[in-house]
Amino acid sequence: MSLRAHSAAERRDAVTSFTAMASPCSVLVDTEDHDLGLEAGRIVQAEALRIEAKFSRYRPSVVTHLNRHAGQPAEVDSETADLLDYAAACHALSDGLFDITAGALRRVWRFDGSAEVPTEGQVREALDYVGWHRVTWDRPMLTLAAGMEIDLGGIGKEYAVDRGLALAQARMSAPVLVNLGGDLHVSGPRRDGSPWRVAIEDVNCTGEAAGLLELARGALATSGDAHRHVLKAGVRYGHILNPSTGWPIEGAPRSVTVHADTCSEAGLLAKVALLRGAGCEEFLKSERVRAWCVR
Amino acid sequence: MNNCESCSANPPAESKARGWVRRAGPALGALAVAAVAASSAGCATLGAKPWDHDLLAEHAMQVDPYPLETRVDAHIYFSKEASSGGRSFAGGGCGCN
Amino acid sequence: MRVQLKKSDPAGVRRALAAAAAGLLAGGPVRAQSPQSDPPSTTVDSALLVYHEVNRVQAIEPEVNVSHKIDDDRTFSFGLAAGSLTGATPFGAVPSTLPQTYVRPYKVIPLGTPVTVTSASGGSTVVLIPPATGAKTRTLGASWVVPPGTYPLEHGFYDRRLAGNLGWEQALTQWLKLDGGVAYSKEHDYRSESAHVGLARDFNGHNTTLSAGVNYESDLSFPIGGTPTPLTEMSAQWKGPNTSLHETDAVLGLTQVMNRRWLSTLSYSFSELHGYQTDPYKVISVVDPVTGQPTQQLYENRPDSRRKQSIFFDNKIHVATDVIAASLRGYEDDWGVKSVTADLRYRWQPDPDYYVEPHLRYYRQGAANFFHNYLVSGAALPEYASADSRLAEFHAQTYGVKVGMPFDETYEVYMRVEYYDQHGNGSPAGAIGQLQQQNLFPDLKAYTLLLGFTYAF
């Protein structure tokens, strides 16, 4: 999702655009001091890139180091420990549906629009390497069972949004909107009290146009699977997998957008809601979450 | 893409008063808010999505993973054979051909 | 972290999650970079080559390259290479059933200096050349005899080389990258300077890269004994002045990610060379039309312009935990040389901590249109002629294996042994007289050992 501020105030905002986490990102600062606004934007950019590099699944990083040493205890720094604590809490709160070790299922599920669906046997085999219960997390030592891997992608982006905003606010007090690939968090309303207006463009190759969101405080995060699926015999297997069965969640909406106080919270709620499949809307309602689903 | 009926198309009653988030314009629910999909992936059929660049990031999958070795080999073959070039020409010559 | 889960509590999950998120974000604004997560910014690549041709030349070449990322957009690199080459090498003369004597210029000394040395390097004998009238210096030559039936080699061949390069790489935008560099190489009879610049543009979410580069090289040749006049008789006389060579190259490349496991590159290169391209130490034999015995040795002559073109197709394919590297190169130039190179490597890596990579290379080339094994006495001299086997028709195979141990992305140690075998037509049809019983292609067999060490910090 790409967002652009459409308000007439747009030209007055200090805008910093960049790419991070394979998504278009922007930082909007409502201020007269343009240089300060751009500086705050650069601080957010640096933080997003720092987090991306630190927890990357590809480049040499904390995560690749932990995954390469699966089977042995590994010590992590305090920031990684905080994220692991958070992941553990989310695992418990979602009844095990949210699981950062579920990435191993990628070995059998290739979501590239092809018709490759794994067999029962392949899924069962992959499941041997999935499960937070197989992990020993005793801060600051993490021990993954051999063959397992962790992926912090499910919480990293939203965490980067919140961290970026906190750093920008530590630098200056002007109203700011941090948007990393559609997950966004605002410091509060604009200087004149009006909400931020953000346009949403559909990035399905159809290039369909926009709707407008008005956001005065808090954060928005979206979880969905518009582009990642397997189509076989007319059945569309979404890419959200149930970590205990290894098969895609059934009946999930195509996307869920949640509003909450922080982006981390909104992101987790969106993912947990999706993981409930057909029970998504009921979950959101019972938890009194402000959300929109697309089916 | 239909509006999700059981899911609140409007924010739940109790927060309506606060108006923290309000939709203006066409129904938001009708849009695919695909924050997960990277916009940089575009419409190319040849290639790999950004999240599928894991294997390609490995050292041995680079175009020239061992440039020193490449340079040593280029020098040896340049001085024993009549052909040259192929990858790049960065680097000086010698009197050996 | 303890979490209280009350399922009957409305919005209980939500509240607990809010508390968990608050705890996560309480970390404070500044997060120190832990050393483990700091990606390395400097890489030092070093290698040692030991090259050994059976009964020919041996070389030792240490090399080092340092690459430093100044920031996310800019990288600076510099490298040094040294080389020492000794041994014996063919110089274009054909073998004979009779002993053959050859001579080359050795040294120039002031007239009147007593000559006490009788032998020069490689077992050759010092020969006094009568000085020209009025000259203040005299030349010493070195002559050597090759016994019958052996392939004529020039012994005492030695060369020392020192080379350096500087490089720069800069991202101009997130899609466009600029790179450039200069290089310098000096041997005791050759000097080369070059500069290159290139641009690379990414498309399709970094799945496609289009690149273009140009290189300009300027060389100076100052051979021992001076530059001989082409197609004149081999002698110990001091020869002519230095010569120069200029080369311009251009490369166009397309790199495409085909899918998650396959990366492909196609590139086209074009080179133009102008200047002295003859080998000043090499000769071509003129033989008797009936007996085939050499009657004269003439210095060779190559054209002073050359245009080369090549197409290169390279693939990296990831299979299970292994990587296949397969490439094909087609080459041709306006000297009439055409060649094909096929290269295949299979990197077997069952464990992230070591790999074994067998390597196979097949090379086949056609002869230059002025290549002759020998010239026949009595026939008109061609404008260009060379008996250098590197311009002959031959095929060559390389068999090698490389073993490496990468440690945690910070350093890697590797060792590579290879065997190179060059085969040409040593008995061409129509060989005259005694040449029919000689092997006219100096077979080349070489072993190489490459030891490498990479360290990133």
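Which chain is which? They are A, B and C, in the order written, and residues in each are numbered from 1.
Simple rule for what comes next: a contact is a pair of C-beta atoms (placed from the backbone, for glycine too) under 8 Å apart; a residue touches a chain by one contact, two chains touch by 3 or more.
Remember, it's a predicted structure, so these values are computed and weren't measured experimentally.
K.L.:
In terms of CA centres, which chain lies closest to the overall middle?
P.N.:
Answer for the innermost chain: B.
K.L.:
Give the chain pair, either A-C or B-C, that is connected by more C-beta contacts.
P.N.:
So, comparing the two chain pairs, more contacts are at B-C.
K.L.:
Averaging only over C-alpha atoms, locate the centres of chain A and chain B and give their separation in whole Å.
P.N.:
17
K.L.:
Using CA atom averages as chain centres, what separation in Å is found between chain B and chain C?
P.N.:
Those two chain centres are 34 Å apart.
K.L.:
Let me have the rounded angstrom distance from the C-alpha centre of chain A over to the C-alpha centre of chain C, please.
P.N.:
49
K.L.:
Any chance you could list the residues of chain C touching two or more other chains?
P.N.:
Within chain C, residues 205, 260, 409 contact more than one other chain.
K.L.:
Please set out, as single numbers or ranges, the residues of chain A touching at least two other chains.
P.N.:
19, 22, 59, 112, 288 - these are the residues of chain A that touch more than one other chain.
K.L.:
Could you list which residues of chain B touch at least two other chains?
P.N.:
Answer for chain B, listing residues that touch two or more other chains: 38, 40-42, 49-50, 52-54.
K.L.:
Provide the residue numbers of chain C that touch chain A in the complex, in ascending order.
P.N.:
1, 3, 5, 10-14, 16-18, 20-25, 27, 29, 31, 33-34, 36-37, 39-40, 72, 174, 205, 260, 352, 408-409
K.L.:
Note which residues of chain B are touching chain A in the complex, please.
P.N.:
For chain B paired with chain A, touching residues are 1-2, 4, 6-9, 11-12, 14-15, 19-43, 49-54, 57.
K.L.:
Can you list the residues on chain A that touch chain C in the complex?
P.N.:
These residues of chain A touch chain C: 18-19, 22, 49-50, 53-54, 59-62, 64-65, 68, 77-79, 82-83, 85-86, 88-90, 92-94, 112, 159, 162-163, 166-167, 170, 260-262, 264-265, 268-269, 272, 286-289.
K.L.:
Write out the stretch or stretches of chain C touching chain B in their complex.
P.N.:
Residues in contact with chain B: 45-47, 49, 51, 61, 63, 65, 79, 81, 159, 161, 163, 165, 167, 181, 183-185, 187, 189-190, 192-194, 196, 198, 204-208, 213, 215, 217, 219, 221, 247, 249, 251, 255-261, 263, 265, 267, 269, 271, 308, 310, 312, 314, 316, 318, 323, 325, 327, 329, 331, 333, 335, 337, 339, 341, 347, 349, 355, 363, 365, 368, 390-391, 396, 406, 409, 416, 420, 422, 444, 446, 448, 450, 452.
K.L.:
Along chain B, where are the residues that touch chain C in the complex?
P.N.:
Touching chain C from chain B are residues 38, 40-42, 44, 46-50, 52-56, 58-63, 66-69, 71-72, 76-77, 80-97.
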